[in-house]
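Consider the two complexes below, in which chain A is the common component and chain B and chain C are the respective partners.
The block that comes next holds the complex of A and B.
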């Protein structure tokens, strides 16, 4: 990189931030010019979030400084950051569900404005940047994409000089991503600098003109992503190219899991009603379910796993047996295993050891004979040790608390726990959410291996790349309805994206 | 006819005690903090208010003393719960037990005390209207202030920015913190307001409602006020309605008991609790309504910056 131009909008100089167990940022430098869309690329845990929090004033660096327009900025909290023109759109939205869009935006703005004022400005700003926002709707009635637009409008109303977006596309359909890019380019053309945090290489290469790569808290490169390939960016990000998966031919057998006319009216006012869902998964195949979260995945998975038994009789069957009203234990005895999306709390008990956590789904193997049914500490420990060894989980042994593991390692452990139970049918939700690239590849490899051994797999994920990589067929879930299935070989990102908006009748008829 | 007007007047009076405390607790809970110490705060406020009137002869000094006692105890509770993150329920229960014991201890020498003669409170003109006058217009000013308080709280919560901020803090303290709002200070103020209103209610009890001091004289009204806010789904007008309903059924059963109706008195004593819970549960049974009005973070600890 050349020497700093005098007109840099934002400069981060030699920032180091240590936490008790980890160095989150080590001597990090970042330079952003006005009107530039600058990517910050790195895996989960590479230090991106810490760096953004330092810029945004939410975290204080141990060493180093942040310069805004060449002047040292003493930002002590997010309010001061906003006052100086730094705005941030968070990955997990910070909107209030029970108040309206306009009120939410008002909360993020200066006191001197009236609500009517804010309402009018919101409409105006939204129009300029083509963001579709209805100011009077309560936020709990909005989709994830709509919520993100509200966050962006809120950020824009502060007239930011620097706009930080943290993994903004992880919740969007491909079409919504296109729309977002148009907005961001327009913003940059108006002189606003955009910091774009992501781990998606294609997006960065398409959108950004500059890129800072982080790995393990250190900067591993400043590059122009337009001149890079996915492979070269990946080398900077993880130190290696992502491993390729071996896909073998499908040999399907009997129908393992089937749903026929599965409809459930939501009992939670913020829930989604499932509407006539039909699908089947045969042994020896992986069927994917794509869709933006909040479209009924939770309700769908609860009905399949047995956490909810509100499904109508005869709507869900396991190898031909009706299981609609059965609890998870009965379903598990029939060979149906389930890996939930939330690892801590549903997949594992955070404060218990890995050994004790085997009890959640493998109790029959570690509990002695009735009537006493003592838990055998020896059996739990050896089962946990087997899983740790077979799935290369980095943990302090079977006695380590579940919450002491990193997200990726815990996910490997939980997936491993279910895979090593030799399931006949396995349902996995978000198999690699928050998991680093290496661990993700390993988990996907295990899923494929299980398929080749004749298991029927249903994978629910928001990551389209992942579904395209592992699935033989795909469905899309939108607004509580499930699309017909499409062979992965015939599917395109465009088409799945359309379906994600619930438009499969149209494209199906064509 | 005359006795019916008196029944309405008594209902109004009894409902006011509950309404003021419950409305204060509503603001308290809208911030995401539940203070189970209401009973203890009311007891301490009752003795503080009573003692102040005994020594000064001025009712308003008594109300001020009650509010100060309530707010002071709430502040102690607030510091423990908001900054030191002690468990809200356990701390609140401790405050109730402490308040009961402490008020009894301080109150020993006031048990035989008498207050100066209670003046009558009649609004000139209005109080002379037949039936309506004795039913509604011979109340202590605080009875009208109770209604004004409900209206003021509606205006505050739903029409002002400060009210919006309070609701936001109660829904998601993490988000409010990330927007830069001083969550802990806002919660402390809300808790202290709740304490002050419980204090006002306790002082009203010992100065106006039954002008004397008896150990444990609040006799569960703090707990009823807490239950009212929940059963009324944190809506001020429903809280007000619930308070008068409870007051009304209480008075009715006294009336029936004195008439010697052939129902076991135990059943009559149950009636106000049962009626209030059933009626409020019925009008507030819509789960969507509950979710939208309930402060989502209530009872949960909040650690800023984690």
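The block that comes next holds the complex of A and C.
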């Protein structure tokens, strides 16, 4: 690092970016040489996106600077970034479906060019990099991989010096990933620097020559991924081995929630197909599901909660009763409660009072008999007041709007609302996301207490420390498949990290 | 100059202040319009804001106009609160008028007053049928309820035309496209002699109370609101979005149909191609200006009726075109939408960009 290296293509120096509730980047440094494929690795929320937005000019850092070719760049917006040779391919594409490939590319370019001109340039660029792009096809007829190629060609037309790719393989088939890698290597050989944002360890080890790891907004390592193992990378990404809690005897009872051969084909292009998921949760135990977000958690939880009823008949049962086609109210009546990860807008209606929000999941206790189904403001307010008191929620009272609460307090309220319903089965997604340390500890304590009272709990979380702390057993979800379960006492961060890449068959074989 | 800055919380003050500010701006623009047209703005304003309330009779006429607006807007408020965008209340109104008119035409000299409830029920069912088509197409084929309900307005008007040009044309009507005058017995009972105000007003006021209770005190109303405010929360809770769609459309269609029945069996007394008076569209404005709140809708319905009457008077007294009514109604909605920005944002005057 200290030798008189050739001028760096891109250098990020001591960048800090604070948001009201979180420090997204804290004193981040990044050095990218010309023609280098540089990985930026980190879990969701580690600050990767913020860093890329700073480089791309979409976000201004509070402290620090970005140097391009050794010169301080004052990039104020993405247009200027593109003019200086920085291009970005976003995870979610921005193409107009109803017009052709060439027209889409034309839209983003200099107005002085003619369509024929753009079309010709597109074909030429695509040919150089072996990118299969048919300029006259309408975008709606393209597969996801083809659309991504259009985005890449569009980025390449400006002859970028730095190409940023945000999770480029998250929507690609393995074959398409191969093709992409070939293109990227060729680009790098031509001197373009590639910033490759990902959390997929295998890909990074295969493709990248340098890697900067982020965790909680801080850089936790600069390594050469070719010399690292999945385990060592995941340790950098996830953190130190969490302290093992003394695991007490598990006294489990009947099977509360069970999935057998649960497969659901994704119904949107960015969705994940669930593939033959099997698990069971017994009363008196907490089962965790680890995994990087976007591996099917959303679909999995929606199928279990009843928000989606596309699960095949017989695939999900609650105390032996088939509930796969039942709506959430029926499941709730059977004792299944759910805490979703989005608090505002899903777990609670932002503009309604805490009292009114009890009606989402506790209606059976506060609503009068049909057909009138009278809602008594008194009953909802007193239920809300009970929850506020029992779970130490800081709020202006039952009449406070849900959105007036801080994230942690609203989470306490929602978790409290579900726990005080005395559920027989409780599913919790990201129980402590964005919650401060004290509230997190309180919520985990409540979950453990509920387990000791004989509830069956399923906790889906991206935070491994948390899962190691509360769970008796763990599964890992990757690419829509669920790993076998492993007792927490036998699990290590390395092993779970490997499983997160979907490699449990391999490690079983070893 | 100035910047809009998001407020941390929606402003309660501007929730009520916004329609009032919108009214003030509308009046100011109205004054400018009067002046541009070479009329005395004071006279113009008097015609719009004083004439309609200056006497008992004027007030009763105001109530006649406000009744259908109130009924339709109440139903639309339920729809809009449920995030269902029924903008075809005009069509549901017309079809309610057609079905109610059909029942009224069955009456003869021997019919008893029991026909009146039947007329009203027929109107409700007609409106529900028309809105039900919208619900079906949206539910079954995911068709946009905005487009479907709007297009069905024109279909409903054609149905009305077909009936009055064809099967229901008055044989003694000199070939005018209109039905015969309904029998006396079908007349909706008047509230006071010498006015055109009828029990429809009481029904509408009863509807205000009923709607308030339904929306704010019953589980069914709560489910609709959650579906509108936070669809993901409704899904989480297990509230059926299909049921919300059907309920919202059938309620609003029924209310619009009822308004149509009250109109043909009340002030109009026969079916003519002029039954559609734009109440269904004006009620959209009424619903929004009234903040989708039943109580607020009472006030906005009165205001909108003043525009109706003011427009007619402006034509006869000042020689201004009657379409001024529409101009005022549109202005009010426009300024309201603009003023509503203040609910979520506050204006910040910045010094740096002030050019100092």
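What we mean here is this: the second predicted complex is superposed on the first by the 262 of 510 C-alpha atoms of A that agree within 3 Å, B and C clash if a C-alpha of one lies under 4 Å from a C-alpha of the other, contacts with A are read in each partner's own complex, and residues count from 1 in each chain.
What we mean here is this: contacts are C-beta pairs under 8 Å (C-beta built on N, C-alpha and C of every residue); 3 or more make two chains touch, one makes a residue touch a chain.
Since we're looking at a predicted model, the values are computed, not measured.
Using the contact criterion defined above for the overlaid structures, shared-chain residue A:186 touches neither chain B nor chain C, since it reaches no partner. With both structures placed on the common chain, the touch criterion links A:348 to chain C but leaves chain B unconnected. Of the two partner chains placed around the shared chain by superposition, chain B is the only one that A:78 touches, whereas chain C remains out of contact.
Of the two partner chains placed around the shared chain by superposition, chain B is the only one that A:270 touches, whereas chain C remains out of contact. In the overlay built on the shared chain, the residue A:229 is in contact with neither chain B nor chain C.
Of the two partners, chain B and chain C, it is C that touches more residues of chain A.
By the document's definition of touching, of the two partners only chain C reaches A:338; chain B does not.
For chain B in complex with chain A, the touching residues are 161, 164-165, 167-168, 171-172, 174-176, 178-181, 287-288, 291-293, 296, 305. Residues of chain A touching chain B in their complex: 58, 77-79, 82, 90, 94-99, 103, 106-108, 111, 115, 138, 140, 267-270.
Residues 305-307, 327-332, 338, 340, 342, 345-352, 356, 359-361, 363, 367-368, 372-375, 377, 401, 403-404 of chain A touch chain C in their complex.
Taken in their complex, chain C has these residues touching chain A: 9-10, 217-220, 222, 225-226, 229-230, 232-233, 235-238, 240.
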